[in-house]
């Protein structure tokens, strides 16, 4: 009985910490504030989707890397490869949604912002070394993020007058991820045995969410520079 | 039309080369000859299954590595992760079959023979560098091997008086792999575009099959040393 | 002539950008301010050295990784392995300096702070993929940092009453790195051929320096939590 | 005293096993026999040097990989990076020697033979996983090979009428490697602590030497096919 209790409280503690970081993010992020104030533009949203494209491209790959490394837990290994397979190609939805706002498919994709590179670097790092369970911390918030960002997405949709067919990245993920999120919770509850396991998962959860927050705010900065004319990165988005 | 013709002839040429190497192997391998002459023993078969266990353990992992590397072909990447998932845990069937001949599960597994290490090394090498398509050359013969080894398996079964439940590794794979083999052929036909692609696949096909042959004969040598008393590696198998 | 001009201006532009980021860091970092105001304590300095230990441990390894990857530039490859060799073991000086303030060698080293993990992750990322030249951007500021931090080190030494023998990490590096810094400048000037090369080096320079800044401020936060009693991480340092 | 005795006998046993494999190789290799019988041609020697070029290109890289992996033994790590640095570019001597027999520098280099690919694959495999000490087994025979192949080199030189300036790969290595060989012996004696360490080193020593033997004989086969007109691989060498 003790073990079940510990597991339940482990998962509850993790959810609590997740909520705390989201609360900070949602109340302090400059990018979020812009959306909340109804000031989002197509160019800003496109800049965000382009960064989403950049890091999402790597998700199947770093997820599979965890499976390549773990040879003593077949159940978890299977989960990693299965999840990797499902992630393949999701970044294309982000590009589709950008194009749907008025660009030709095949538009030139600007290189990732530094904060996005850092997020990608971190996700590989936690995938190819350290506790193989720790990448679950990333999935833990990423697969359940719709609980937190749904109001923002509604705001974006309304502000920009987008149809669901123009928001495929988030609409599709919202459905897929409800199921994934359940599977991730179960995997964490099943596999985390020691306080170190729980802490490793928690730390990756918090750090990867904070790096995503940093990425969002760098998008807001890049947008400000674009509007001010201080930068010509992705200047073609001004036409949207 | 030309392209289709080339693809057909590419696949036919590959099948022809595969048959040639199998013919060499089946007529020259000392391990194969022992089986054909009805001289296989449980210890010899167990030694072979143990090496099979060793390299099979890595198949899901090196298959997934190909997917981790290829980021510009989502169709092939999905295939790699899907195939990796299906391969997880297959090595356990080899251990099960060894145990079923009269050992306790959890028996001490001797370290891999050098030839098996070399095969494993090569499969990782072709997976993490070079033409991402080339590992298909390994699948090309491995998934279709039952066409060539079925008579040998029948001979083993009869010589040792084994039930199908004691030959799960080969019985299960025989079924699974018929389907895989078709998928591998289609993938090769679809993805190989240049003469270099075909040659890369062909070379890995031939080299990995020859390394497997070498492994088989090293099993025969290890068995001879065990029987002669020159080695005490896996001496507990003498009791079978 | 044009090429020489471009190279000179490339290096000058890089130095200018480096100065700008340092200026930001030195004027805005909470950690730096604490030192400038003479409020540094042994515990705070020890916390900083411990993070320095953590990321320095990886420097030889990620430096060598660049050489493992580059097979078409023997001159640069040799530089990477040579530099890696020289970096081996430098992290021990950081531990020595911590211990010299009043701890037994072998004291328990707390795990790295999240910001340090992120810095480490990023340095591996830029080392094992992308433009092989880009890691020079990290060396570009790291090997020349004494020009910027010397006043701070003097302040630390005076505030804490340390002898040079208690500041081996910085004293030793200050000497070694003057020479390295020259070699790094020359390598950058020699190898950067395209605007993309210069931009890749510049981006890694700026991003890795900003991540180091973030690490410094997380050290300041960790110290505040230690003093406030909100955390018991590395609580043994309070005794210094 | 016991430890010293064990170390001495460990090294002696390793040397004994090395001599045994060399004896087998020197008496059974088809390639060696051709040289011993004075039947070597420039084309055959060139084919051999080309394979030497192929695997030597990777030696610095896989040597450095060992250092990247080992973070708890600074002495050995330093050795790895130092040795890697010294190995950089040695493959160029093999190309130089081929060209010196009558080709233009920059001649088209045929792809590696399968046996060479297998050797390369194995050297990476033992470098990036398993016991970090095991790659010393490769250095153990490779750095001391002149004791065994000197008569063969003399035979080649005489048969083909080559000057020392046309045999730079072997002349240069013969000098460098005498010193290296001593360092490798000392490192093995110092670092191997357990029977498993000794066995890991011994197994890599034996397996990598046997794979080199296999490579030599595949060179002899490739030469026979070239002469017979069964293959046009590297046909330009016939003109030598």
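Labels A, B, C and D are assigned to the chains in the order they are written; within every chain, residues are numbered from 1.
The definition used in the following text is that contacts are C-beta pairs under 8 Å (C-beta built on N, C-alpha and C of every residue); 3 or more make two chains touch, one makes a residue touch a chain.
In this text the structure is predicted, and so the values were computed from the model without any measurement.
J.: As a test of understanding: of all chains, whose mean C-alpha position lies farthest from that of chain C?
T.: With centres defined by C-alpha atoms, farthest from chain C sits B.
J.: What is the distance in Å between the mean C-alpha positions of chain A and chain D?
T.: So the centroids are 49 Å from each other.
J.: Determine the centre-to-centre distance between chain B and chain D, using the mean Cα coordinates as centres, and give it in whole Å.
T.: Taking the mean C-alpha position of each chain, the two centres sit 29 Å apart.
J.: Between chain A and chain B, what is the separation of their C-alpha centroids in Å?
T.: 39
J.: Could you say which residues in chain C touch two or more other chains, in rising order?
T.: Within chain C, no residue contacts more than one other chain.
J.: Which of the chains are touching one another, listed as pairs?
T.: Here the touching pairs of chains are A-B, A-C, B-D, C-D.
J.: Which bits of chain C are touching chain D when the two form their complex?
T.: Going through chain C, the ones touching chain D are 57, 60-61, 64-65, 67-68, 71, 74, 77-78, 81-82, 84-85, 88-89, 92.
J.: For the complex, which residues does chain B have touching chain D?
T.: Against chain D, the touching part of chain B is residues 114, 117-118, 120-122, 124-126, 203, 206-207, 210-211.
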